[in-house]
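Lettered A, B, C and D in written order, each chain numbered from 1.
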Amino acid sequence: MIDITKNEIVLNDYMSFKNEPDSGSLLFFCGTTRDNNLNKKVKYLEYEAFEEMALIKLNEIRKLAISEWNLNKLEIIHRIGIVDISEISLLIIASSPHRNESFRAIEYVIDELKKSVPIWKKEFYLDGDAWIGSHDNPN
Amino acid sequence: MIDITKNEIVLNDYMSFKNEPDSGSLLFFCGTTRDNNLNKKVKYLEYEAFEEMALIKLNEIRKLAISEWNLNKLEIIHRIGIVDISEISLLIIASSPHRNESFRAIEYVIDELKKSVPIWKKEFYLDGDAWIGSHDNPN
Amino acid sequence: MNIKIKFFGQHKEELSKSELNIDVDSNCNISDLIKILIKGEPKFSKFNSYAVAVNLNYENFEYILKNGDEVAIIPPVSGG
Amino acid sequence: MNIKIKFFGQHKEELSKSELNIDVDSNCNISDLIKILIKGEPKFSKFNSYAVAVNLNYENFEYILKNGDEVAIIPPVSGG
């Protein structure tokens, strides 16, 4: 399952299922908003997505990861809009017969997501804001 | 937190907290009972622990991991007794400022646990059972 | 030919617009389109690092546009 | 000296006991203890691979026992 959502990601909503019978490993990664970055106090983040294209890219990454690591389950949920401190911006769930595959698959998904999925993060500080990832001339 | 418990590990019980404000990564690993091993159909597993010593060893591993990867949280819960298919035998939760530390710490905890923590697993098949990990002369 | 350009993130903010329609000659590639864009939107010249997608696929700057193409200018991504 | 031995997993199952008290002479190390154990419990001789903990710490087989020590015979562990 792939989703880009404006709603808060609540872990409990994803915990009701049992692991697949032929899986021995179930791994949940939550990326959450940290209250600081590069020595600046962060108030909250805001994410923007080119949703149509982001969904296509996430699906490509998901299919590659499932076939590369023979996963029994792979779910990727990215939140957009304002994400407060400690709230989840990214949830990835992987299930596989052995644990190594779950770990490698989730790390791969995060790395690829940060390379090619059109989603952008803006950090809001006490005294301003900044788009993250840009190396362009600052204002 | 370290725990060895005879009770079913229910993920939702561990999901109510929010991540630490200074963490950007929260990772949950669940080791679950797989319905097969080495081409045999597994009915269920039974774990036995030398609890007093296992708790000491788990605490040592936890302290080392926390200081090595600068974690904000590390919880290790191991179930003992009978663990049915898809149920959780091992739950590890790690929280850290960046994601790499959570991943490395949990993989380290699992590796060390499988080396030095006195817990033993017995697999029950349709036609018998076997202690896992032994290279002794079979019966 | 008519080309629709979509802007995101810092570009959208800087130009105060999320879409723009531009008329270009045939045989126009993406590099040409960017030059035309900068003429109309000089503020865009401050941006050096971005990718371009045409109809939801990343394409390089030599890509020859077709009438009706939707060109998305993709600032450095930072999801996660 | 009196030494308490604890058995787990396959050892406990094979010997049908989880504990045993053995009297040994002073200066007895763990290798000596194992020999005495096997005399009383010949079934244990089938086991080749195990570790030993004394009072909850792993020790090597040259460890010299003290009166009242609790020796745990640790089969290959397989938690997780």
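One rule holds for everything that comes next: a residue touches a chain if its C-beta (ideal position, glycine included) is under 8 Å from a C-beta of that chain, and two chains touch if they have at least 3 such contacts.
Bear in mind that the values here come from a model prediction, so they are computed numbers and not experimental data.
Shared contact partners of subunit A and subunit C are absent.
Between subunit A and subunit D, the centres computed from C-alpha atoms are 50 Å apart. The centroid of the Cα atoms in subunit A and the matching centroid in subunit B are 24 Å apart.
Rounded to whole angstrom, the centroid-to-centroid distance between subunit B and subunit D, based on C-alpha atoms, equals 26 Å.
In subunit A, the residues that reach two or more other chains under the touch definition are 31, 110. Interchain contacts (touch definition given at top) occur between A-B, A-C, B-D.
Those residues of subunit B that touch subunit A in the shared complex are 11-12, 15-16, 18-36, 85-88, 97, 99, 102-103, 106-107, 110.
On the subunit B side of its complex with subunit D, the touching residues are 31, 47-50, 52-54, 56, 78, 89-90, 110, 113-122, 131-137.
Note for the complex: subunit C touches subunit A at residues 6, 8-10, 12-13, 46-49, 53, 56, 58, 72, 74-80.
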